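Submitted below is the structure of interest, expressed as structure tokens.
Here the chain labels run A, B and C in written order, and each chain numbers its own residues starting at 1.
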Amino acid sequence: MSGGPIEVVEREFGELALNMGPQHPSTHGVLRLILHLSGETVIKAVPVIGYLHRGVEKLSEHLTYDQLAPVYERDDYLAPTANSNAYVLAVERLGAIAVPRRAQWLRAFVSEWQRVSSHLVWLGTLGLDLGGALGGGTTLYMYCFREREKILDFLEELTGTRFHTNFNLIGGARYDLDAAMADKSNALAASVEAALPELWSMSGGNPIFSERTRSVGTISKDLAMGVGVTGPTLRASGIAYDVRKAAPYDAYAELPFDVISRTAGDAEARFQVRMDEIRVSLKLVRSIVDGLPAGPIFARKPLKNPKATKIPSGEVYAAVESPRGELGFHIVSDGSAKPLRLKINAPSFKNLQVVTHILPGGLVADVVATLGSLDPVLGDVDR
Amino acid sequence: MAGETLPIVGQTTAPAGGGTLEDIAEEVVRFPGGGIALLRTDALFHWAQKSSMWPLTFGLACCAIEMMATFAGRYDLDRFGMILRPTPRQSDLMIIAGTVTIKMAPRIRTLYDQMAHPKWVISMGSCANSGDHYRNVYSVVPGVDHVIPVDIYVAGCPPTPEALLEGVFALQRKVMEGNRAGA
Amino acid sequence: MPAPEVVAALRTRFSATPFALGVELPATELLTALRALRDAHGYRYYVLGTGTERETAFEVLHAVRNLESGDTLFVKVAVPKDAPEVDSIAFVYAGAEWQEREIWDLFGVGFKAHPDLRRILMPDDYPGHPLRKSFAMDTPWGYRPAPAPEDAS
């Protein structure tokens, strides 16, 4: 071309509809987001879910109560024991079945270890989201999974499998903790806690990380309450509601711990809440091992025919605090051996719904940061 | 695979292939003087294919977490040449990790069709093998082989990373033989 | 579990009858009762929306919570099976939007004045509402092959 001045022509393009998912490395599972963009700014975000809908609630009407406890562990697959814990709590409440104290403490023990393991996966995948798989994010991912492997080894020694532990039974727990395992748990808690500053330095201590998460995906208090977000997402928006304190179950009424909350409501606040929760959980597992009461772990009469456990008719709602928030089971029973209706109050379903409200106005890069900070698990969303 | 039995999961076997040309091809004719050898191109290409299989990031459910753990530091699939690629255009292996639902099945088919030949599929976990305990549910496809052809089935719920590694080694042996389930 | 003074207030204003988890209301009072719960009684946090199929009617339940007192209240309405439609509360609680879509998807209960009532978990062109008792669990459709004879349940 000739050597004259270059003419710059600016054209305004209209809205671009971009499909993100369901196969995408950063959507935390099979989530599809239809983003309407103007340049890099998101105007509208439409989430499409259901790609992992396995009909667990319909399946629940065809299986007996005792058969059902392991089924729910596949829903929120990062903290499987929390699901079955909520289920057995609901059934025990409806059927007035007593649980021995030691079993309750052991349930809390496994739940807290799985909370640490779930937050480590969250942090590792957040590193992948913000840093890129072949970029710097993989470092954080590898370090988090290294810590998580230690926890999974411990759970494998305690229960036989790495995460779908089948730990909860209606009326108790399946596996017991002896003195050697208790010492291993304390050593493991110390070792994971020693690794936390390193993980912090790679994430929160990194100024680029702060830039990408500060004021990104801010959820106001009113929006949080109207939509019904739960868990660390709710506590980062200034509402210090934790099911373990508000409606205590298992051993939590007797264990002292702090409820972590922040007021900013952005991705950085959610990050800080979860990092602090890891420390709280590590303290909790030590307290549980110290105060573990003696006794049996399963108190029901030996089940001659597990299929015949009948639960009296009625309705019940029981919830636990999973790493994602309030995980509740609403069970309607008609007095037979199978539930009439079972509804899972899934925390990720409610947390994901807030996406339509907070993504517009942000950039495409913020979409990934926001999704990572909300920590949805699609098995929990779609059930 | 006549004449060869698959090992029981738990016994570790070294992946096929070693340090010399004789390990990858049955007949190697070496020319005097060293430095020049004759062997079938099949052997060479299969050895290259199995040493650098690039899987598509395709986790569906809980097995995806175990697949992520297999790619992480302890079980490290990267040392076998496997790098996860986010797009089907750059990958030649699809590891279906998780339950296949009727809403997802057409997408799986599309992604499989978008991968270039030659391509392989590992079905990881009971849900992808047969639907697991969801097989009779209205929204679940009982096994991914109703949607795409599968080379290796890895059993487990979820399979441990060691089991997935055994599946990868079995696939590597299959690739060395030149077998493919897909066209 | 639900706070007695709130139950009493709802009983007098909206002719509510208590049940184990909360109150049952006539379907016409659902919207006004939930507005009153949110504005006058401080139940501003939305917990859950679900449906149940009984012999003669569908039940739609909404659970709301007062975060100051920690009380969770379930509000239940009965919807006749031949004309399953009830008011949508999506403009009172934003969280009800997806929960009502799920009830529409799985039960076929319509929600009047819902901002975006379409299927959420099943494919858009799926025929039928899976959680109804009349719907067999192993109904084949599209990509799902018909069940083999030995494992039809």
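Keep in mind that, in the parts below, a residue touches a chain if its C-beta (ideal position, glycine included) is under 8 Å from a C-beta of that chain, and two chains touch if they have at least 3 such contacts.
Everything quoted here is computed from the prediction, not taken from an experiment.
Enquirer: Is the way these chains touch best called a line, a ring, a star, complete, or other?
Expert: complete
Enquirer: Across the interfaces A-C and B-C, which one involves more C-beta pairs in contact?
Expert: A-C
Enquirer: Give the identifier of the chain nearest to the protein's overall CA centre, each chain being represented by its own CA mean.
Expert: Answer by centroid distance: A.
Enquirer: If you take the mean of the Cα atoms for each chain, which one ends up farthest from chain B?
Expert: Max centre-to-centre separation from chain B belongs to C.
Enquirer: How far is the middle of chain A from the middle of chain B, if each middle is the mean of its Cα atoms, in Å?
Expert: Once rounded, the distance between the two centres reads 30 Å.
Enquirer: Just curious, how far off is chain C from chain A if you go by their C-alpha centres, in Å?
Expert: So the centroids are 24 Å from each other.
Enquirer: Cα centroid separation between chain B and chain C, in whole Å?
Expert: Their C-alpha centroids are separated by 45 Å.
Enquirer: Enumerate the residues of chain B that touch no fewer than two other chains.
Expert: 103, 137-140
Enquirer: Could you say which residues in chain A touch two or more other chains, in rising order?
Expert: Answer for chain A, listing residues that touch two or more other chains: 50, 53, 55, 58-59.
Enquirer: Hunt down the residues of chain C that sit against at least two other chains at once, touch-wise.
Expert: Residues 121-123, 130, 137, 153.
Enquirer: Note which residues of chain A are touching chain C in the complex, please.
Expert: Within the complex, chain A touches chain C at residues 49-50, 53, 55, 57-59, 61-62, 223, 225-228, 239, 241, 246-247, 314-317, 326, 328, 330, 332, 340-341, 343, 345, 349-350, 353, 357, 382.
Enquirer: Would you pull the chain A residues touching chain B in the complex into a rising list?
Expert: Chain A reaches chain B through residues 22-25, 29-30, 50-55, 58-59, 71, 74, 77-78, 80, 121, 124-125, 133, 141-143, 145-146, 148-149, 152, 162-164, 378-379.
Enquirer: Taking the touch rule as given, give the residues of chain B at its contact with chain C in the complex, in rising order.
Expert: Per the stated touch rule, the residues are 102-103, 105-106, 135-142, 146-147.
Enquirer: For the complex, which residues does chain B have touching chain A?
Expert: 56-62, 64-66, 68-69, 72-74, 84, 86, 98-99, 101, 103-104, 107, 111, 133-134, 137-140, 157-158, 160
Enquirer: Per the contact definition, I'd like the list of chain C residues that touch chain B in the complex.
Expert: Answer in residue numbers: 121-123, 130, 135-139, 141-145, 147, 151, 153.
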